[in-house]
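Multiple structures follow.
Across the two complexes that follow, chain A remains constant while its partner is chain B and subsequently chain C.
And then the complex of A and B:
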């Protein structure tokens, strides 16, 4: 008993809590923006939130920028300005300017992948123009900018207009040594007149730098081709001379067949079975089976056309976002090594086949 | 040491040896003179003020009556002893007496014990014995529902301070010839009767033997609180968890006895001690069985959930605020940060202070008379709670955490368990404040290792989880199956008869 009392009392003399990080002392940031016009000059901008309480909601307290040679150096320089350590653990968005990713993006992300408490579900967003103004500019009625950008991207993801990505998902194509799959990230622009941000489409990457971009409509098409339809996906096509229709894709099935001959370029057969419903169809009379057949046929052709156009664009950007390289590698690793995928990919022969089928036309007929 | 008189419900299971140590050597066999004998006993009792002596004549011979007037029923002395003796035609006094309990004693020490238990001693001139007649007066309160073990439905009676009444309550419910009641006299000064009660056909004889062994080895001069008895027979007294079940409810006591467990009663206390028990038995309430299966199971699960809230929530909060705030969703984290930002203390101090404050309020509420107790609860809970937040000493979240924890700890249907959970959370709070979630996990590991090691009357305390028994786990541990599904008794007490029920719903098979 005496032994235990002695032990217990001596415990009080021990120092403890050396790795304690008390919530009240932390500078928790929810968003950061990176501008790196050249490799040795990285400007980091962060938005410090003002924690709310019952009487006042959470707001953005302060925007701070600093420039360093590495991201970590910029972070320390910001630390000098704001007093205590920055905590990136709850980061929701990371904005990177388009200009910065024309060269290697990896040095901008490395410190985030190295840190154990880094927030892996932060959204990576590529910005049109500089990233810093996205935090500096005034946004109409949004107290927390990071929160707004995050929800903007989330809802865009649900509508299948931007690819689903975050720090973690972005990493795997980045670390892929064989270059069999390429990364992509949503593209955002700032609308100064309306004081809002706007989804512009997708930034395409080849290996670690940005090589091209897709519009919103093309992104939807690409994601359908990738078989990554989210909650909703809407497409609009002209039907008659001055009338267009909008459909909602309910279900899409993909079949990918890859032929890798011993010599000559590889070919890919992509065939899609698509079931849709019309949500906007001004010409009406979809009760007629004949007309439905005609619409199906017309749509199949239109979708095929846009898919081919999108395919051309991503091949041009050397960005294998469909992950065809991975499949070729899986099918014939020796041949894949021979091929030098970076040059072989743009030469790839892609055949697309689409079969659309109307399953519902709404209440009017 | 006590002497066993097993198997009979006799009030005369007195032991001579239990009381010898402290008496002077004047004791010994009686003489032929009644006056001398009474004198001897009076001397042994040291001229106690309530000791009364009365002379009477029986068949022209003098007799003496000796009793303690405070614990005998004087009307019964008059009707059952004095009147028959003066009116009888019988030759022997024993035949004339109309008391139901009487015993002849030839030894002054034995007689003294009987005297102290409320017997009337009769001495006759020319006989070297005394006759002890049982005319005790019992002062008991009426049978009420126990304050701390209320149920919504089911029986509303409870044990009282009289051992005889308590046994009567059990006998009334259980008319089985297998019901064994054995008495022991414990406490050199208090001479308290302790009863060991079990069902012969169900309880494992090894356990009964072990229980008797433990009770027999008790050597103490005072024994009237269940706490003494518990400390003496419990396996590990220095554990935060109680290894006996204390109850004041006859239905609960009998249900446990029918599971092959053994009951211990001490005269003068309404609490029944049940051994061996399991951790899970302490979370079973008679309400579960009075309720239907779904609500019964739901509230049982809720109780286990509350157990975890009661021991873990403050530690969890400290760990989050001090180490791992990343586990909070982004919307919540800024709200919480806003709450704690202006608090001048580290979370452990903040929570400890509030926990201690709540314990003080609770303790004060118990000691005070009911109307003031409620006032204290309101003053303590609302006023201090609100003021401490407005003053900025403690964050609102802490108050929520501490209040939730306090409420959750009161859910346990056993008072000892509820106290245990309130104590266990303090070490867990400290480990959490030192090492965050790691510390919490370490603390929990220690707790569960201890739970697995613990024994109650030599039987595993954490059964049926360790050792694992799927059938018992599903039957009546976390959930409560309908009564017709509880075919076997729990096996932790190794009952002689395992089958408890079979085919009660045969009517359904038409």
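And then the complex of A and C:
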């Protein structure tokens, strides 16, 4: 008898589920775009997928936009337009227009950090022009837009042409204006003629708004400077009058020395040891040791020049993406406060030293 | 009221470890930074040292009365009336820890995973599971606690994939906020470390030499100190010092980003593992509270008092749902626990030393 009472009770208690989210009642959002020309006007665009089957792949079914004062208000306005509940937990990409991040980006992201359902490994992307057309325009041969943008960024990350980031990694710098590190995110443009999206480089942030951008080549340089080479990183430089060469960076070692004298400005010494392989070298005479030395020397100079140019650019944007401020703070917090990093960073004297070394030339010399 | 079932020192180790690791595991990096900022992990190590002191006191005390629990030897030291008051105090303390942990458990799980499930359902389910085990004797409980302890290994494994996102510079320079801040950080952590005091009740039920018992208790506490400071260190290396101020459950939050090849949202998976740690803490404390009540009522066995307490704890736990009130209650419990975990045992030990009381001499 006792057993039966127990059984009955557990049937009553263990069934029922208040927090079930059935797939058939849910719209799973894989990607969203935000355009916020002013602080009070946030347009959210979402792409709803159409589940696929064996004969037909998953496609984008519907694009819906709504404007509200907060992101959540826009979401509920979208809810008014479509039948079933929105499910943000599977979001893969979040596109935000360049215009929207000229002012504070944080209000656009807060809801994603605040609610437990959101997925923080979604890629954050800044778009040239409005973000909405990235979902509205036709993409050649790509049925599922969010997936395409996600894989575009992932492959770009592997090639070291965009910084590796996601919503979570992006957040930390937003909170620490004065402690150094700055946020950055990939920059994407839409190519209407070819009906594709194109990686344009990196959006640089100072505090919570965008202050500058880097081209693809500069981004690679920056990531090398940050010692964040991914699977591959290719660089192209002129070698002779009308010939250029392309190298692949195999290994890069960084030494960062920070001098913070008690009085006077801080200085930074960056020295890099870079080992590379040639993957494109039209002059064809790498069999000669002397020649190799020449090329090494020339390349070291060229890379140094690009690094210095990139450094100038990030300093100009007030964007301390190398985290120099963080290191100065770690070394001497009192001096860091005295320095007033906001004004000290653009004036910072950075010395860069590069030593490139050929280790492999492919199967020909 | 001596239960015949005894446990081995090995089991004692896990009982004490599971008693310490509970709700605090998720929130300890946040709690520690309130006072100590980025040096919170040092506060935890420091607190671990204090706890070792507390264990030494408890051990010295208990080894004078090897066959008695604190409920039984306190009256011998300070008289019947104060002894009864102490029993009442400790029983109330254990009971309020159960209620507090349960309501925190409900609030965190509803915030993270089950926003629409009524708290009462969750409360009834967890208390039912707890009672189911606690109504048995200590040995059976201990076996279960040893069994689930392998889950503790999941903590370092969950954090492993994000190690390459660590920004060690967030933690530098070490101890720049001064010793005062570190001490202030430790002060808030007593509640997270509570559990070691149970040594004074479990001592007589543990077999083996006094030294083996001490080793088990000290080891358990050292293990939880290491675990706590590890998760705290990891949280501080992921979140910048200002960011951590807005993240009350950093350990879950850092797991939100982890993406293994086939699984996403490790935080939700970890939540279920953590629920086991919370339940084990509830079990041990509910057991302690019910044996306390048994002692007060001079009842024969702890089952009936247990059922009474279990029914009482549910309304108490669901009465306080919001985080602000819970944090306030937590602070008060923390202050009380400084007295009950450190102060009273020390006083008792001093009395025992002065009056030269031992179990044989009574």
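Going forward, the second predicted complex is superposed on the first by the 350 of 365 C-alpha atoms of A that agree within 3 Å, B and C clash if a C-alpha of one lies under 4 Å from a C-alpha of the other, contacts with A are read in each partner's own complex, and residues count from 1 in each chain.
Following the convention adopted for this analysis, a residue touches a chain if its C-beta (ideal position, glycine included) is under 8 Å from a C-beta of that chain, and two chains touch if they have at least 3 such contacts.
Just so you know, these numbers come straight off a predicted model, no measurement behind them.
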Q: Record, for the superposition on chain A, whether partners chain B and chain C clash or fit.
A: fit
Q: Identify the partner contact of A:49: answer first if only chain B is touched, second if only chain C is, both if each is, neither if none is.
A: first
Q: Figure out whether A:33 sits in contact with chain B (first) or chain C (second), or with both, or with neither.
A: neither
Q) Now for A:147: first (chain B), second (chain C), both, or neither, which partner does it touch? A) first
Q) Where does A:19 make contact in the superposed view: on chain B (first), on chain C (second), on both, or on neither? A) both
Q) Thinking of the overlay built on chain A, is A:358 touched by chain B (first), by chain C (second), by both, or by neither? A) neither
Q.
If we overlay the two complexes on their shared chain A, which of chain B and chain C does A:121 touch? Say first, second, both or neither.
A. second
Q: Give one of first, second, both or neither to describe whether A:333 is in contact with chain B, with chain C, with both, or with none.
A: second
Q: Quick one: classify A:166 as touching chain B (first), chain C (second), both or neither.
A: second
Q) Per the overlay, which chain contacts more chain A residues, chain B or chain C? A) C
(Q) According to the stated criteria, A:58 is in contact with first (chain B), second (chain C), both, or neither; which is it? (A) first
Q) What's the minimum Cα gap, in whole angstrom, linking chain B and chain C in the superposed view? A) 5
Q) Can you list the residues of chain A that meet both chain B and chain C? A) 16-17, 19, 89, 119
Q: Note which residues of chain A are touching chain C in the complex, please.
A: 13-14, 16-19, 89, 116, 119-121, 166, 168-169, 171-173, 175-176, 179-181, 323, 326-327, 329-333
Q: Give every residue of chain B touching chain A within the complex, in rising order.
A: 320-323, 325-326, 328, 330, 333-343, 346-347, 396, 433-434, 436
**Q.** Touching residues (chain side chain A, partner chain B) in the complex
**A.** 16-17, 19-24, 26, 28, 30, 49, 51-54, 58, 89-90, 92, 117, 119, 147
**Q.** Footprint of chain A on chain C - complex, ascending
**A.** 111-118, 121, 124-125, 128, 165, 167, 169-170, 172-173, 176, 238-243, 246, 256-257, 259, 264-265, 267
